[in-house]
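Quick one: this structure, given as structure tokens, is what I'll be asking you about.
So that you can tell them apart, the chains are marked A, B, C, D, E and F in the order they are listed, and the count of residues begins at 1 in each.
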Amino acid sequence: MRPSGRAPEQPRDIRITRHYTRHAEGSVLVEFGDTKVICTASVENKVPPFLRGEGKGWITAEYGMLPRSTGSRMGREAARGKQGGRTVEIQRLIGRSLRAAVNLEALGEHTITVDCDVIQADGGTRTASITGGCVALVDALNFLVAEKRLPRSPLKQMVAAISVGIYRGTPVVDLDYPEDSEAETDMNVIMTDQGGFIEIQGTAEGAPFDQAELDRMLTLARQGIDRLFEIQKVALAD
Amino acid sequence: MRPSGRAPEQPRDIRITRHYTRHAEGSVLVEFGDTKVICTASVENKVPPFLRGEGKGWITAEYGMLPRSTGSRMGREAARGKQGGRTVEIQRLIGRSLRAAVNLEALGEHTITVDCDVIQADGGTRTASITGGCVALVDALNFLVAEKRLPRSPLKQMVAAISVGIYRGTPVVDLDYPEDSEAETDMNVIMTDQGGFIEIQGTAEGAPFDQAELDRMLTLARQGIDRLFEIQKVALAD
Amino acid sequence: MRPSGRAPEQPRDIRITRHYTRHAEGSVLVEFGDTKVICTASVENKVPPFLRGEGKGWITAEYGMLPRSTGSRMGREAARGKQGGRTVEIQRLIGRSLRAAVNLEALGEHTITVDCDVIQADGGTRTASITGGCVALVDALNFLVAEKRLPRSPLKQMVAAISVGIYRGTPVVDLDYPEDSEAETDMNVIMTDQGGFIEIQGTAEGAPFDQAELDRMLTLARQGIDRLFEIQKVALAD
Amino acid sequence: MRPSGRAPEQPRDIRITRHYTRHAEGSVLVEFGDTKVICTASVENKVPPFLRGEGKGWITAEYGMLPRSTGSRMGREAARGKQGGRTVEIQRLIGRSLRAAVNLEALGEHTITVDCDVIQADGGTRTASITGGCVALVDALNFLVAEKRLPRSPLKQMVAAISVGIYRGTPVVDLDYPEDSEAETDMNVIMTDQGGFIEIQGTAEGAPFDQAELDRMLTLARQGIDRLFEIQKVALAD
Amino acid sequence: MRPSGRAPEQPRDIRITRHYTRHAEGSVLVEFGDTKVICTASVENKVPPFLRGEGKGWITAEYGMLPRSTGSRMGREAARGKQGGRTVEIQRLIGRSLRAAVNLEALGEHTITVDCDVIQADGGTRTASITGGCVALVDALNFLVAEKRLPRSPLKQMVAAISVGIYRGTPVVDLDYPEDSEAETDMNVIMTDQGGFIEIQGTAEGAPFDQAELDRMLTLARQGIDRLFEIQKVALAD
Amino acid sequence: MRPSGRAPEQPRDIRITRHYTRHAEGSVLVEFGDTKVICTASVENKVPPFLRGEGKGWITAEYGMLPRSTGSRMGREAARGKQGGRTVEIQRLIGRSLRAAVNLEALGEHTITVDCDVIQADGGTRTASITGGCVALVDALNFLVAEKRLPRSPLKQMVAAISVGIYRGTPVVDLDYPEDSEAETDMNVIMTDQGGFIEIQGTAEGAPFDQAELDRMLTLARQGIDRLFEIQKVALAD
């Protein structure tokens, strides 16, 4: 029995609100239950040094949590003078995942930075960030087309992410914080809407997991992500 | 004529939403027009080293802006490895102002940290932070009473803040970004609901200002702040 | 009764010594009683990135205290790896104040950095820095004229600063450390020799202050600053 | 055809040399072909703050590369003043993996830090670090037993890691640098000698991968890791 | 011919002014010609962690240059966020040298920090710092005796330092900046008033030096330092 | 009697292994007894900003110790976010010494960075670094000739370094850690194979040393360094 009463294959209520703040080219509030993340996509007319003169673009991501997005207050990373290891790991994952959505050659010499800022955390902030960040990214790409800075959107495919894990012996999807902090295995799965895997990160926090458990978790993830693609599609149709 | 069409003495629409996020002891979304700040007040059972063993408490504040809360993206302070001078200046102002609201001796050995995170900026983020932060602080103090960790709230008085300035020769209240970026003088006024001044910070960005202009700005500030105290009171009555 | 025996309207002995060190284009030792600050103005043939190509110049300031300029030794900021919040706040104030003295368009593409280093502190280091820094700045501007790098000095007006406050219920001018550490209200006033205000920063450390107290403090400040302009003038006439 | 001429299921020559340096409680040179990593395990009589008083121990890891371990010189992280994102990500992975090998309750209040320093890099430095680091860890645990600081080794199981990937359309094991820099998919697999998975991290750098490719990669990984457990066993039998 | 017209064996005018600032237990302005350094010695009732509980004291030093103590402005180390390599090297040298003057066991659990801040630089700042710092240190030790915190001064011997070098083929003493920047060899010699060497640091910037040149430089240094001990003695006799 | 049983004038077994790692233009493992340092020389086609456009090259050095190269684990400098004072001091010494070996004008606009990373420490790591680093540097210079990027090697002379000291009253050469940690005086001597001194750094940790002891130490150093030049020559002849 899950703490929330959900069935093993049942994700939380998921909501995507576009145009959440007014300055960014793409701005989304994504909610996976009580997890709330603001994802903004910002366009700049330049590329990082390693890409200069190559005629292609770049997608990068940054991640942060408001100090009191969590149960007890965390020190502010800006005040401590560095981003923690978990932050660095997560923002690299978001960046890699979102780059898979875009044809960087067709993006031209633009950089799109997707900022994912958690205003309330209840597990799954990285999967929410990727799922919501992809929608903000689509809006930013469409902005470039609307502004006639690109002839057509360089979007290749949609990308979404969900967590799966083994909680008290049972594979479950979309873990909230009470499950996450106790799960034996926690796995983040990032897929394309064509059905391919972009990234799989599974970690046994407790007992190791075996091939059968892995297969079951991947099945749950696939189903959950299919639901996310529908929600993204509805949000983008508004 | 102000860019927004407001009269000189007319503040923007101001809204205070309590219980905005669920983890903090006090959590407020404060909106001064398009300026939106999340203010959380977090209670900890400890005091900074310079107060240890003195039996009194401490109120401190931290301030941040989401990278794309502004018209063009600002670098994330956590990624750059330090808080900028403006950030430091603002969070010190917020902390000083909110300490004036509380009897620190009666607070006992608790620290309350008020985090003010700007999710959308349109001028006046520091005055919004103080005004909303004071409401979050009241909720955190009441939490300590409800938890029987304090016999009664150590609140001495409410504190609120508003900006005034001279825009194209005319003194105006509650400047938005288009006004702020062009004003000859910009002044932040922080007052108590007893009518006293806590802090006045006035800067001539262009021409110096004289005593008559100062007096007019202070009158506008007093009127604007009276309106803020009403809004705080209504919010706290919910 | 003030600890120093001074009358409420009586500033300390104030001395300005020009040509204090030999390398800088402007170099001043300013003394407000026992507060001693070395102010140097250094000219560089370049401007910060945000001004490049605009044909105008820039004035900036940096502030520091020798570790044992104070009663007990403070950690050296260079060794701790960052400037503290108070330092950042003060150097921004000095820079803003001194920029008001100069026509930046007429300065051409030069940057003048005014370094204010406190070698002995007894209250009022920021007002001494502004008052002495303005004299160092004048010398640096005159150096540019003497070197034929500017046709005439871009000085618009002299700037000076003094503190006022409420000490044991009485408004007083030019607080020394024993007064400053105990004052209910502390206010720094920066004015031009044309009689306009450049900046007012007043903070109630204890009880809030009211309009009458504010008016009395501003009167004291005006009188004190008039005295400073005379001392600057004498120093520059040497 | 692989650049090295190896068959798809053929790992590189792998060597583990114990007692490589003389100060550490465990010290191993691990070689996966031309990739060479020094892994030292250091025992300390203390635990991190979050574990104090819990009676259990901790395993952590740090990772570094000598500046010229790579084809072109990388800036030294100590000189740049921070560890890069890739370094942070890798050392967190090593630490998590090695913690799975040990019963932390039975370790008592000791911390073992496994330092993995790459002296020559040719792909697979993180898998070599985990595989060699586990041997250094076993030596450090046995040192604690030999010194009578623990009654018996708290080792639960051996842990080893290997990379798999899809190189020019073919799943292969233990990628060297020329393969790694060109692979469509790169996956690191960490397993126990009981056959369970500790961690799977697979990333599609190019085209997404599908379930069949995933299954094939996991089969290759399992075979490769079995070979690693034999090599660890031989090394520890010396 | 030396640029200053001095004879090879002639040091600059050297002055030591005690009680230069009023807060520190020892405060000295030392001048070697145009090189001017403020040396303060600050006493604290504690020792660094590595000495705790050993019943002995510690002497340490920090060094800094005001940004415009030099011909062109140097960036402020506090603003850049770190001390440069030259600063670190110099302050370690000063600390080692001054520790040789004191019986640390007899100092008890006190730390004396000698801050050497260069307000005007013309070569030889490190030798001036050691020579003046030793006088400030003596005053701080005597303060501890006067305050009855120590029964007698733990001073073992006086320490002083001078530079020698080979300038255009001729060994000379006490190099000023024009000589220093051109010298083939530069050597700092630190001695005790008993005639022993505490430290010798000689560097060939141009051609290597031989034993005869070394001997000649050491003779010059010995003579110059004897003069410094006289000046220290006169200063301390005041 | 020395702890190792060596005669006072007897250095440790010294070995230089070239081509130790495969990526660097020069790569040497140097062993002074149990002290083992990897020295790599890396060539880059650029010079630091202060040399741009001058047509000459630069030699610089960086130094590091693996965390467990020592008896107890030292914190990793990359993780602490800064290089310690000792590290900075040593790498500046290595850089200065190796620059004396090369005609920088004849090097053209190349920078050679010599990285000295200690994998096992037993005293004398800086002298080993200079001695081994010079061999790596020669290989890098010869690489530039072989690649036809320079017409001939800009090597002026070989450079080597050894420590001498006074251990229990007796001058000895090439101190190992047990001697070094107890020596009254420790001196590092860097010479050219032409017999000139490049640098002398002698420090009395205990009693001051006198001229006779200095002379004896320099004689020991000269003999020891002559042995080092033979070993360098043999290594380079392979």
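Just so it is clear, a residue touches a chain if its C-beta (ideal position, glycine included) is under 8 Å from a C-beta of that chain, and two chains touch if they have at least 3 such contacts.
Which chain is which protein? Per UniProt: A, B, C, D, E, F = Ribonuclease PH.
None of these values were measured; they are calculated from a predicted model.
K.L.:
Half is the threshold here, strictly exceeded: which of D-F, C-E or B-C has more than half of its contact pairs identical to A-D by residue number?
P.N.:
So the equivalent interface, with over half the same contact pairs, is B-C.
K.L.:
How many degrees of rotation map chain E (Ribonuclease PH) onto its copy chain F (Ribonuclease PH) on CA atoms, rounded to the nearest 5?
P.N.:
Angle of the fitting rotation, chain E (Ribonuclease PH) to chain F (Ribonuclease PH): 180 degrees.
K.L.:
Could you state the distance in Å from the CA-based centre of chain C (Ribonuclease PH) to that of chain D (Ribonuclease PH)?
P.N.:
That pair's centroid distance is 59 Å.
K.L.:
Report the inter-chain centroid distance for chain A (Ribonuclease PH) and chain B (Ribonuclease PH) in whole angstrom, where each centroid is the mean of the CA atoms.
P.N.:
Chain centres of chain A (Ribonuclease PH) and chain B (Ribonuclease PH), defined by C-alpha means, are spaced 33 Å apart.
K.L.:
Please work out the Cα centroid separation of chain C (Ribonuclease PH) and chain F (Ribonuclease PH), and write it as a whole number of Å.
P.N.:
Taking the average C-alpha coordinate of chain C (Ribonuclease PH) and of chain F (Ribonuclease PH), the gap between them is 50 Å.
K.L.:
Using the touch definition from the top, which residues of chain A (Ribonuclease PH) touch two or more other chains?
P.N.:
81-82
K.L.:
From the touch relation defined up front, give the order of chains around the ring, starting at chain B (Ribonuclease PH) and going on to chain C (Ribonuclease PH).
P.N.:
The chains follow each other as B, C, E, F, D, A, starting at chain B (Ribonuclease PH) and passing chain C (Ribonuclease PH) next.
K.L.:
Which bits of chain F (Ribonuclease PH) are touching chain D (Ribonuclease PH) when the two form their complex?
P.N.:
21-24, 27, 34, 36, 38, 40, 42, 44, 62, 64, 66-73, 76-79, 81-83, 87, 113, 115, 117, 119-121
K.L.:
With touch defined as at the start, can you tell me which chain F (Ribonuclease PH) residues reach chain E (Ribonuclease PH) in the complex?
P.N.:
82, 85-86, 88-89, 91-92, 96, 100, 187, 191-192, 194-204, 207-211, 214, 218
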